[in-house]
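Read from first to last, the chains carry the letters A, B and C; within each, the first residue is number 1.
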Amino acid sequence: MGAARFSRAPRFRTKLAPAMLQFFARRLIVAILVAATVMVLAFALTRLSGDLAISIAGPNATQADVEIVRKAYGLDKPLSVQFFDWVGRAATGDLGDSYFFKKRVADLIAERMPVTFTLGLTGLVIALVVSLPLGILAAVRENTSLDRGVQLVALIGQAMPSFWLGLLLMITLGLQLGWLPISGTGSWQHYVMPGIVLAFSAIPALTRLTRAGMIQALGSDYIRTARAKGLSRAAILLKHALRNAAIPVVAIAAVQLGFMLGGSIVIEQVFALHGVGFLAWESIGKNDFPVVQAVVLVLAVIYVALTMLADLMNAVLDPRLRGP
Amino acid sequence: MSTVSVITGPRRGWRSAGTWIGAAIVGVATVCAIFAPLIVPHDPFTQDLSKRLLPPFWMAGTNPDHLLGTDQLGRDYLSRLIWGCRISMLIGITVTIVSGLIGITLGVLGGFLGGRVDDAVLFAITTRLSIPVVLVALAVVGLLGSSMALLVLTLGLLLWDRFAVVARSTTMQVRNLDFVAAAWCAGCSRARILLGEVLPNIASHLVVVATLEIALAILLEAALSFLGLGVPPPLPSWGLMIAEAKDYMFFSPWVIVIPGVALFVLVLGINLLGDGLRDLFGARSDP
Amino acid sequence: MSALLEVEQLEVSFGRTGAVRGAALTVERGETHCLVGESGCGKSVTALAVMNLLARGARRSARRLAFEGQDLTRLSDQGMAHLRGNAMAMIFQEPMTSLNPAYTVGSQMTEVLRRHKKASQRAATDRAADLLARVGITAPGLRLGQFPHQLSGGLRQRVMIAMALMCDPKLLIADEPTTALDVTVQAQILRLLASLQRDLGLGMLLITHDLGIVARVAHRVSVMYAGEVVESAPTTELFANPRHPYTQGLLRCVPVPGRIKRDQPLGSIPGTVPRIEPGFQGCAFRERCDFADATCAKTIPRHAATADHDFLCRLPA
């Protein structure tokens, strides 16, 4: 009899089950609420120090200067008016103007975001390239010295201060060996060292998760079935076990990217990469509040979006989540 | 009181060796932290410009009076290192106390009461995770000026998420256990059940989280101090020592190697100890 | 010609516990051989040892372990992998978890044929659909595109059976294939296995602890106790003339219509299977046996009741 066509690999079905749609609708509402809360917090954060006008006008300003600044930046209005003004404009993509750079904040962030994103993605790719094989190896050789070695690597990664690792790499790879440029953003080589450093922060979690997932998968009944079918070792490990172990790893990788983007500020400063983190650092030094609150908001929104992406990828990778 | 945590029995081999190494490192660091004023060979703040950047004992041209050499202002490096240990430990522990109070309260309430309260707690955790910690901490300190108290408060307010997640999930497990149900039936009050039954039973999990948080807080403090927005100078925080020595690192790398190794070893030790405790208690620390 | 599967003096141990201790059994071509015994007596471990699927940490040895005369103990992992799923196939007790949740039924079925017979995807798909129909699954084309979680337990076990048959195996090992299923489904699956065995001329090693099943489908029965085969005989012979006290006890536990009077209590064997430590000697059943005496602690000879009926007990015929 003739067989209907079917796909070998699970195909992505755009038709999500109603339960899944509801789940994502709820997630979207939560995401919007989180963004709103972060807006309040970011606004409050910049008002912490009291009178913004005095800070902006600088130490040598007279009372008259301060009053001019206060008027010019709308700081004479009540806080609630200032807040809703900010929210209203942010909703349309207008994040205000930078005091120091004399530019629209949205433009500033858009200019700097590619650097931060390149850095984050480089870090994530390096982290995955290291973590997946290490985690798989450790799981396959569970309880051997190799496994213990991998766990030690994870522990070391966890304890490594990123800025210090960055400096050490600059001294060794940069100065002594001369393999890589020390700072700046001129070429792709400039992203290698900071990428390695950033990757270190994600490697422990990703390696442990891969290892745990693989150990669980390798002990499962369907792997016994795969072996009973006489499949090759590679097919058993990479097709049957890794496919299931990778589901949580891929999801966490998206979340880790969010953490990396938020945490890249230190590394951008060490390597003089002029990304969003560097921008925020400069702005903090210059009391440039619109920029600071906008960067906090943007990074938070990106993080929330990435967690939603993680959930979506889970649904794509795990057929069971796609409904009956 | 009954205890839920599964005791996994005595641990053998390298894992227990790791635990002992971790315990030893933490022990030494604790002694250094507590008795720093008594054991420092020199005053860590006294500058002596005639003795700038003396190399440590394993290098040529060292001065036996300064085992680990001196910094760019001629201050004794060993003394500053010991004093820095005091600051790291102090910050790690106080931040963890603040964040633990916040996180455990939220987590236990959410896990125990469920419903709307739990929804609110989950929302708080989600929001907290979306906030970039380093950036916000830098902004607060940058705005309000650096001081130890402010740093501790800021980090404490930012690092409670793991406490909340673990406290919440373990409380949920404990809530459903028989002896807690029995306590309900016996007419015990909510507060009594929370303090008498739930907290003791989730304590082991929280201790493990606390070690991880201490390590994390120490790393973050170092990073903030390195960026100049952490511990105010001239206090010898290890992060600040690295930042101040950065300009000399290409000529004399040991100026950043020494405080960096100290930082790395301390954090590694705390994590090793935490892993050991986790195995010992059979506790979970992952969200 | 040698038998399909020959096992002699099979030993499997996990650390200090001996799970299988000198088991012997022979499966002839086209024959259903049932392996019965209480749970924990080593039936699954025996089957897994034959397939070389034992968990890491298990040690296996055998005087003879041969498939169609080929020595399996000397076969490389590679060589063994080429037999598994090909000439010898196995289905398991847990249909709910034995299929990979991440791949479609079709994908999991076709990969066997593609691996062992180098079949094209198209040919493999056709064969998979045929077999699904053969094991009684309606709309096979639709099922091929579905994921395991979309199927019921009975359907999954049918898929497992069809998957095992992909490469026309000569030996099918079925380890309690119906234990996890509803009673009505159990009967269907057993009937299916029996008819497949007959129609395809399969050699089948069927593991079960249900003697009712055995009476209906088995040509030959081996009774296992504490890692040993204590009695082995053709089915009718075993039911008519059980020689080992354990077999007799087992048979007393089964209600056979006609033979058992209404209201008469069913028999049961008191006690549990002992844990076998190294250095154990004698009959493992002696603690629970009504006929035991001091000689049971010595090495027990194997007796032959008839040419193809042997048992392991000090009591002579």
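List of remarks:
Rule of thumb we're sticking to: a residue touches a chain if its C-beta (ideal position, glycine included) is under 8 Å from a C-beta of that chain, and two chains touch if they have at least 3 such contacts.
The structure displayed is predicted, hence computed values, not measured ones.
Chains touching both chain B and chain C: A. With centres taken as mean CA coordinates, the chain nearest to the overall protein centre is A. Rounded to a whole number, the gap between the C-alpha centres of chain B and chain C is 56 angstrom.
If you average the Cα atoms of chain A and of chain C, the two centres end up 52 Å apart.
In whole angstrom, the spacing between the mean C-alpha positions of chain A and chain B is 23.
Against chain C, in their complex, chain A makes its touches with residues 1-10, 220-222, 224-232, 235, 240, 243-244, 247, 317-320, 324. By the touch rule above, chain A contacts chain B in their complex via residues 30, 33-34, 37-38, 41, 45-46, 48-49, 148, 155-156, 158-164, 167-168, 170-171, 175, 258, 261-263, 265-266, 269, 277, 280-281, 284-285, 287, 292, 295-296, 299-301, 303-304, 307.
By the touch criterion stated above, chain B contacts chain A in their complex at residues 14, 123, 126-127, 129-136, 138-140, 142-144, 215, 219, 222-223, 226-227, 229, 239, 242, 246, 249-250, 253, 256-257, 260, 263-265, 267-268, 271-272, 275. Across the complex, chain A is touched by residues 51, 53, 80-86, 89-90, 92, 94, 97-104, 106-107, 110-112, 115-116, 121, 125-126, 128-130, 133, 140-142, 144-145, 147, 149-150, 160, 163 of chain C.
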